[in-house]
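Two complexes follow with chain A in common, the first pairing it with chain B and the second with chain C.
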Partner chain A sequence: MAVTYQLIETITVGSGGAASIAFASIPQTYTDIKVVMSLRASDTATQILLSLNGSTSNFSARFLIGDGSTVQTGTLARYVGASTPSSFTASTFGNAELYIPNYAGSANKSYSADAAVETNATGAYLTFVAGLWSDTSAITSLTLTGNTGNFVQYSSASLYGIKNS
Partner chain B sequence: MATKLVVDCSTGITTEVELTDEEVAQREADAAAWAVELAEREAQATAKAEAKASAEGKLAALGLTADEIAALIS
Partner chain C sequence: MPATYEPITTQTLGSAQASVTLSAISATYTDLVLVVQGTSTVDEPILMQFNGDTGSNYSWTQLGADSGSGVFSSRATSQTSIRIGFSSTAQGNHIAQIMNYSNATTYKTNLSRSNKGAADVRAIVGLWRNTSAVTSITVIQNAGSFSSGCTFTLYGIKAA
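And now, the complex of A and B:
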């Protein structure tokens, strides 16, 4: 049976924290790629943002965010979702997934993402994002950056390759 | 100094590098953009709540009971 879902690399943040996590020299041998994240921030309002091939231009994204009592929509270029802020229950990490189909193709690159912030309380955040990078380049590197603070120790991101056969 | 962890998928080697001045500036712009976006959403939510309260008040003034208003807006 063909292997259609394969771990490429995992990054785990060390004791010093990291503002940004990046995968370089992504192999071009898969159909789609997916990043699975477990993130906690050192700041109270850190959002996860995407850049591809070192570019932060020509992105657009729409998102849906719920906090347990209300649902809102918004737009923010390069948005992936929220990471668990430092003000939430200690040692909890949020879960997020980013999926990019046809990442090695020659069309513009769409992406989808969802993220769940973790805390031992009734109010947390769940986000769903639909995004577009209006660029036809094959994706060879992918960077996830917090807009403030650091991702704390033991935060991690794993890059998977998906094949259609 | 803010840093970036980079794994080279062809070698499996992870390196830690400092963010460039350009990357630091981008983060600051990103934080500002999020603050603007958040303020816009909060303003929209406030306006929506105020409009709802106003509408409920007008319905009550027309003689609808609280149960009738709840039935209309639920």
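And now, the complex of A and C:
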């Protein structure tokens, strides 16, 4: 049986941090792609943001977020989910998953994202995100950034490809 | 290394259809993942039935948010199907995980995530009150159709 859920690449942030995590030259041989993240920000950034093929335009997203006491919704273009800011418990990294079906197709690209930040303290977020990139291009590169600052050392993201046959 | 995440079947619609059935699901996996992606002719719930059961044997609870209602939660019992998402005339995706689907001793539960751009995001838990192994899944577009080009893919996950 062929392997149909395959690691394409893992990127781990090195010493000094990184402003972004980028997957370039994504193969077009899968049906869906999935990104699994473990991230912490170097500053007060609480947003993980997405760009595709170098574009930051034509994105829309709706989020549902809870922080342990309140729940709220809103829209934020390019949003993937909440990240862990530097003010939260040291050495805690938030987890997130991003799923993009039919990423190589010719329709606009919808995505699903879930993110969780838990710190054994008041700093916590659980996020569901529905997103859309209104662009018919096949996705060939994917970049993650914070809304400010860097991802700290040991932050990581893994890109998987999933085939439907 | 053995493959533990395998495609079982996939369908791409060549024309609009009100429902899609994925059948002959073998019992060789532990869990199932259903990925639906595309557009519909209406903004309406997407429903799921198992093994052709149209009885009032389903229930679901959802947590979501949309542009009109803000944050919401609701539930329904003794339904003739499980809700797994809410469709859109714009591109959306709906991902359902069906746990321990092939055992013959427990009722079957599933978790879904449904996404349609900036309009709607939700998570839904569903229950089918039947101990039979799941051998087919019917995905139904309530009060409309899935559009041409919509894809339905079922994956199997093995615990070992």
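By definition in this document, the second predicted complex is superposed on the first by the 163 of 165 C-alpha atoms of A that agree within 3 Å, B and C clash if a C-alpha of one lies under 4 Å from a C-alpha of the other, contacts with A are read in each partner's own complex, and residues count from 1 in each chain.
The rule we apply is simple: a residue touches a chain if its C-beta (ideal position, glycine included) is under 8 Å from a C-beta of that chain, and two chains touch if they have at least 3 such contacts.
The model shown is predicted, which means the values in this text are computed figures rather than measured ones.
Asks: Looking at the superposed three-chain arrangement on chain A, would you call chain B and chain C a clash or a fit?
Replies: Because the two structures are overlaid on the shared chain, the partners are seen to fit without clashing.
Asks: Return first, second, both or neither, reflecting whether A:Gln72 touches chain B, chain C, both chains, or no partner chain.
Replies: Both partners, chain B and chain C.
Asks: Centred on chain A, what angle do chain B and chain C make, from Cα centres, as a multiple of 10°?
Replies: Here the answer is 90 degrees.
Asks: Using the superposition on chain A described above, determine whether A:Glu9 touches chain B (first), chain C (second), both, or neither.
Replies: first
Asks: Between chain B (first) and chain C (second), which does A:Gly131 come into contact with in this model arrangement: first, second, both, or neither?
Replies: second
Asks: Going by the contact rule set out at the top, does A:Arg62 touch chain B (first), chain C (second), both, or neither?
Replies: second
Asks: Between chain B and chain C, whom does A:Ala19 touch in the aligned arrangement: first, second, both, or neither?
Replies: first
Asks: In the overlay, answer first, second, both or neither for which of chain B and chain C A:Asn120 touches.
Replies: neither
Asks: Just to confirm the geometry: in the superposition, how small does the C-alpha gap between chain B and chain C get, in angstrom?
Replies: 10
Asks: Which residues of chain A are in contact with chain B in one complex and with chain C in the other?
Replies: Chain A residues touching both partners: 72, 75.
Asks: Spell out the part of chain A that touches chain B in their complex, as residue ranges.
Replies: Chain A residues touching chain B: 8-11, 13-14, 16-27, 45, 47, 49, 56, 70, 72, 74-78, 143, 145-148, 150, 159.
Asks: List the residues on chain A that touch chain C in their complex, please.
Replies: Against chain C, chain A makes touches at 1-5, 31-32, 60-64, 71-73, 75, 99, 101-102, 107-112, 114, 128-132, 162-165.
Asks: Please name which positions on chain C make contact with chain A in the complex.
Replies: 1-7, 10, 35, 37-38, 63-67, 70-71, 90-93, 95, 113-123, 149, 151, 153, 155
Asks: What does chain B use to touch chain A in their complex?
Replies: Chain B reaches chain A through residues 2-12, 14, 16, 19, 23, 26-27, 30-31, 33-34, 37, 40-41, 44-45.
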